[in-house]
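Two complexes come next, and they have one chain in common, chain A, joined by chain B in the first and chain C in the second.
Now for the complex of A and B:
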């Protein structure tokens, strides 16, 4: 489990980013971390992986203090950052020199992921495109069998077939011990993949709900004509019509439109959160 | 596995560091050895008597190369797009420090001294003066190796503390420290002795103290305390390092 308690953090000479930030992430779920540019998504991921230290508060990852960066903790974390640079060596060499640090690394799994992503072990990393490098890092990260996999903008640079391969692989790789955190702007890429949505805005978590709860409490309509105004929580123009989020009064689960939900939360989070006020979802 | 220090993991880390820097290292080694070979060949052919004088040149190159290599040992950590990989690598801070130091100090020295020996042997043979070869193996060499081990720790700290242009920044920092020390000692001397002519009488207490300080304390501080202190500071800088 990952627990961030009363985290305060600021970059040097900049205003406070996180103030009293609290967050708990449970194993067995894929978390979608959403937010606008500069909301603090990457900083939050760096705090969790021990790359940044909080000014106060504590970040505990599987019982370890993240900022201590103990090898026992780090071998259970794999981070795929948004921007990276890989050394000019072959995939096989990269795997050879890095896999030894991960006690649960599976070469068989890696072979399967590389085949799925159409990558060859003999290829040199320097000859791969950005998207191919990203796919390789994702494959390597999954093969480490780390209990916490952190993906920052994983679908950036991936072509359309790769995005669906990515979704397929991620969904298949989750087990009850793993926590997968995916930070992205491209919310449509995560549809049907994530279990929980965490939305950050100006360093604050303004929304944190399970997809099942969202689906039960909210409905996403692409034509709001005829829907009483009191039921509409958020509305936006969509191809000449009004689309939006409404209260789910039918009692049936609805299909969650992540883009509409994200826009609604950013526009008016209290109204959306009000629908979950009496909800106490048990994991 | 010990959570803080494990020899197997240390070995894996050293192997990884070598692989990660192998291409730039090979280019540097080949270029330096190539240039030295050409110089040695020319000297040995045209002025065989001067072949002995090549050894200081080799040692200067060894020192400079060693300082530059040391400054670049944490390049991955100092690169904004690679630092995440280094800092999240499941290796303890102590192992990251010891592994990197072993590469830039003992491993580098053994490799570089072997290269110097081969170059000296080759140039002495070309010059037809193999008797000159023992010139390398005199008592000064051990002192020079020791000096390298001490001064190199400044560059090691610079490699950890600065986030780019580590070699040049370390040189600048050393220059500034030297200036401050010179100003301090000059000022202290002036305060103690003023502008008058002072002679230290043989057997005087001040002379004895000065001799003790400069012959016993300063060498001890230089050879043992300073490098250890710099390595300890490097450890804490490494531990505190964030992206």
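Now for the complex of A and C:
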């Protein structure tokens, strides 16, 4: 489990980013970290993985203090960043050099992922496209069998078949010990993979709910005509019609539209959060 | 798979299960694919397919043999038909009747169309 307790953080000469930030992440779930540009998503991921130190407060990862960067913790974390520089060596060489840091690294799994993504071990990393490099890092990260896998914009740069392969691989690799955190703007790509939505805005967590609770409490409509105003929580123009979020009074679980949900939360988080005030759902 | 309807994903996947059962792809006592296999096939979170399996188990359509997997119940087909019939009567028929009224179609008209349809589809 991961617990961020009363985190305060600011970059030098900038205004406070995190103030009293608290967050807990449980194994067995895929967390979707959403937020506008500059909301603090990447900084939060860096705090969790020990790449940034909080000014005060503590980030505990599997019982370790993240900023102590103990090897025992680090071998259980893999972070695929949004931007990266890879050395001009072959995939096989990269794997030989880096896999030794991960005690649960599986070469068999890596072979399977590379085959799935159509990557050749003898190719040089520097000759690959951005999307291919990204796929390689995702494959490597999964093969480490780290209990915490952090993916920053994993589907950026992936072609259409690769996005589908990515979803299949993620579905296959989640287990009850793993915590997967995906930060993304491409919500459509990952809509059905994520089971907890965490929304960050100006360094604050303004929303944090399980998808099962969301589909129980909210419904997403693409034509709001005829729906009583009191039931509408958020509305936007969509191709000439009004689409939006409404109270789910049907007793049927709804399909969650992450894009609408995100827009609604950014526009007016308290109205959305109010629907979860009396939440008694158990997953 | 594209999920389009307004229903929760786990229920849409349940509908795919019902299709397999109604079309006879899965028969009574058959072992059905695992929660994880289904998650991979539909490209969804395994927690979502787990909800599908729990839902079907609650309805008595599938059952779990610990450590072996999930199986279609002996009366899985009958239960599926009953469930789908109920859904059809409660959800689809009112919409259908409303459209009939709007367009001024009578039962007699309907009978004619139906005999044409069943004649063509035999």
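The working rule: the second predicted complex is superposed on the first by the 279 of 283 C-alpha atoms of A that agree within 3 Å, B and C clash if a C-alpha of one lies under 4 Å from a C-alpha of the other, contacts with A are read in each partner's own complex, and residues count from 1 in each chain.
In this section, a contact is a pair of C-beta atoms (placed from the backbone, for glycine too) under 8 Å apart; a residue touches a chain by one contact, two chains touch by 3 or more.
Just so it is clear, the model here is predicted, and its values are computed rather than measured.
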Clash-or-fit label for the pair chain B, chain C on chain A: fit
Partner chain in contact with A:204 - chain B first, chain C second, else both or neither: neither
For chain A as apex, the angle formed with chain B and chain C - C-alpha centres, to the nearest 10 degrees: 150
First (chain B), second (chain C), both or neither touched by A:220: second
First (chain B), second (chain C), both or neither touched by A:5: neither
Partner chain in contact with A:28 - chain B first, chain C second, else both or neither: second
Which superposed partner A:156 touches (first chain B, second chain C, both, neither): neither
Which of chain B and chain C A:106 touches, first, second, both or neither: neither
Three-chain overlay, closest Cα atoms of chain B and chain C, distance in Å: 27
Footprint overlap on chain A, comparing chain B with chain C: none
Chain A residues within the chain C interface of the complex: 28-30, 164, 167-168, 171-172, 174, 192-195, 211-212, 215, 219-221, 252-256, 283
Contacting residues of chain A [partner chain B, same complex]: 46, 49-53, 69-72, 74-75, 77-79, 81, 83-85, 87-89, 93, 97-98, 100-102
Chain A-touching residues of chain C, taken from the complex the two chains share: 3, 5-12, 36, 39-40, 42-48, 51
Residues of chain B touching chain A in the complex: 1, 3, 6, 9, 12, 15-16, 19-20, 22-23, 79-85, 87-93, 95, 240, 242-243
